[in-house]
Amino acid sequence: MQALGLDVLFKGKNFLRLLGGLGVALKISLISVALSIPLGILLGILMTRRNRVLRAILRLYLEALRIMPQMVLLFLVFFGTTRALGWDLDGETASVIVFTLWGTAEMSDLVRGALISIPKHQYESAEALGLSKAQMHLYIILPQAIRRLVPLSINLITRMIKTTSLVLMIGVVEVIKVAQQIIEANRMVSPNGAFGMYLTVFLLYFIACFPISLLAGKLEKSFRE
Amino acid sequence: MNAAVLQEYLPLYGKAALLTIRLGILGVLLSILTGLFCAAVQYLKIPLLKTIVRVYIELSRNTPLLIQLFFIYYGLPKIGIRTDPAVCGVAGLTFLGGSYMAEAFRSGLESIPPIQEESALSLGMTRIQAAVHVILPQALSVSVPAFVANVIFLLKETSVFSAVSLMDLMFTAKDLIGLYYDTTEALFLLVVFYLLMLLPVSILGSIIEKKVRYAGFGT
Amino acid sequence: MEHDKEVDVMEKNTVLSLRGLVKQFDNVTILDGIDLDIRQGEVAVIIGPSGCGKSTLLRCINALEPVQGGEILLEGEPVVSGGKNLPRIRQKIGMVFQSYDLFPHLTVMDNITLSPRKVQKRSREDAEREARELLGRVGLSDKEKSYPRELSGGQKQRVAIVRMLIMHPEILLFDEVTAALDPEMVREVLDVMLDLAAQGRTMLIVTHEMNFARAVADRVIFMDEGHIVEEGAPDDLFDHPQTERARSFLNMFTFESVRAAKQPV
């Protein structure tokens, strides 16, 4: 145990501190997801509209956020707003802004994809049955789109959680940072702490993401059948 | 924005971009090899190896690259496996990318209906001949969109390399912001250089995708 | 003496022989002891309700499905799933499937010539020459450069037949080859099959086209629930079925009872 630095983990409140760090990361991702999903649904529906200008603007927004690494986006918002707008954002707020902007873009594309995937004859047979436009969307189109969307949005949550690890780089004290602090503090008594601590963080992320991925996979499979 | 500052920083960014491109390409190539190997193991259902591959894929896909890099760079030396930053970056990218590529190839293979192999077999082909002439060409073309998306994803992921003290674009930008407070110029060049690297790949990718779709085989 | 001699001739001319064939999926018995001999030049048609095991039977003959009992002999040689001789023996068994199984990434010409070139190591010129000749016979000379997606369903099935014929198989298996086709395309495929029968090919056909079965068959085999229930010459079996099960199956294809019940207005 000591050789691998796992002893540090169970000393004092170290493990709880680590979980607290993971909590910070999860909090940022869950707030961002909670904001991204409704905003993404809105933008996604707008993207299926016929208005060309609107579609072009939304497309540009999507592509711009997609092509930049999230790390660059974080830098732009964290350092850039201070310079350009004189704001002094703390790391957590900057992270939530970036991940919401990014998550909204990804979500809007998922929503658009789900909506256009519904075959035309579904619309036609709804009309043939005499349903109104509102009834058609409510009873026929939306339930099918949502079935398709649910596993994909759940997947977005795991992507968000993994991406949240980046906030370390703009100074947010999250799970990796806490691990670093613990390793530093125990440098003398446990020189191998880095192995055990980073392995633990690795597994903590896995434990947070794996069940969600599993659920998404199950739902996706049941959707396909 | 100050043109003189931009000019002064340009070579630093150029050097950083080259490092990212070099490691990125190497990581992507190794990811493809890893992915092909894993997909083959899963397709042929090789016992034991199949389980190991499954575990690897889940571990790799459900953890961030950043912690994978920290573990390789700071954790592994404690048990005697020491890597320099560049090797660590490529190893991390391959660990991450291998599973993404494996999934792309696997879904390509799974999308080919069994009747394709059966009709090849019924014409007297061996399983190997059926795989080479009938299954693989179709499966690979089906995986192209996912493959292209993975390449862009992996190139973007290189942006965390600075965490293991690789002097890439992020490292350079952060350095310049911290040292000289030329935030605007530093961020401007950061965006420009990432666009220069990623836009061509993205455009090329969508061209290839279209080619495959239209020259395509789809029935 | 007389009798023995006849058996001897029969044995010699038997191309395919099934002995007590048993096939199970997860303890459900699909084929329950099938005995069947197909003679040289014979056209045998298998009919029967969906799920009676007739398609599975063809797949077993080609060793696409492992069997749990009995044996399959092709010209006296055992056909065993996983056997070393399979690629060689499968060349003697031609098979066309219900769904279009052409290789979508290859042109019509490459679809046809792939296996003669790769499996039989024939030269490209030789394979293409024969492919052109066969395509001409099924009326598709102008399609050799087309991709499968550019063909109609009937054209695809004709190409699939050519792709099988070029391997010079001893016996041809047809698994409901017209079941997925639009009605107007069924005929063009059936005509090709009638032509093959007229050439004296050995054929084993699974079909739902009863009129075609009657026209093409030397022998009709009625299967139900994994058994061969009844077999005989087409006119006998269609007009005077001996078993209740065959009678009620064949009745599904007529509307006599409906017409009789309809009151004159």
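Descriptive notes on the structure:
In this document, chain identifiers A, B and C correspond to the written order of the chains, with residue numbering beginning at 1 in each.
Assume contacts are C-beta pairs under 8 Å (C-beta built on N, C-alpha and C of every residue); 3 or more make two chains touch, one makes a residue touch a chain.
Small disclaimer: the values here were computed from a predicted structure and weren't measured.
The minimum number of touch steps separating subunit A from subunit C is 2.
In this assembly, the chain whose C-alpha centre lies farthest from subunit A is C. Of all chain pairs, the one linked by the most C-beta contacts is A-B. Here B is the chain whose Cα centre lies closest to the centre of all protein Cα atoms. Rounded to whole angstrom units, the spacing between the C-alpha centres of subunit A and subunit C is 55.
Computed centre separation for the pair subunit A/subunit B is 20 angstrom, with centres defined by C-alpha atoms. Subunit B and subunit C, compared by their mean Cα positions, are separated by 48 Å.
Interface residues of subunit C facing subunit B in the complex, by the touch rule stated above, are 59, 62, 64, 86-88, 90-91, 93-95, 97, 99-101, 103-105, 114-115, 118-120, 147-149, 160, 163-164, 167. On the subunit B side of its complex with subunit A, the touching residues are 58-59, 61-64, 66-68, 70-71, 74-79, 152, 156-160, 162-163, 170, 173-174, 177, 183-184, 186-187, 190-191, 194-195, 198-199, 202. Per the touch definition, subunit A reaches subunit B in the complex via residues 4-5, 67-72, 75-76, 79-80, 82-84, 158, 162-166, 168-169, 176, 183, 191-199, 201-202, 205-206, 209-210, 213. Those residues of subunit B that touch subunit C in the shared complex are 113, 115-116, 118-126, 129, 133-134, 137-138, 141, 217-219.
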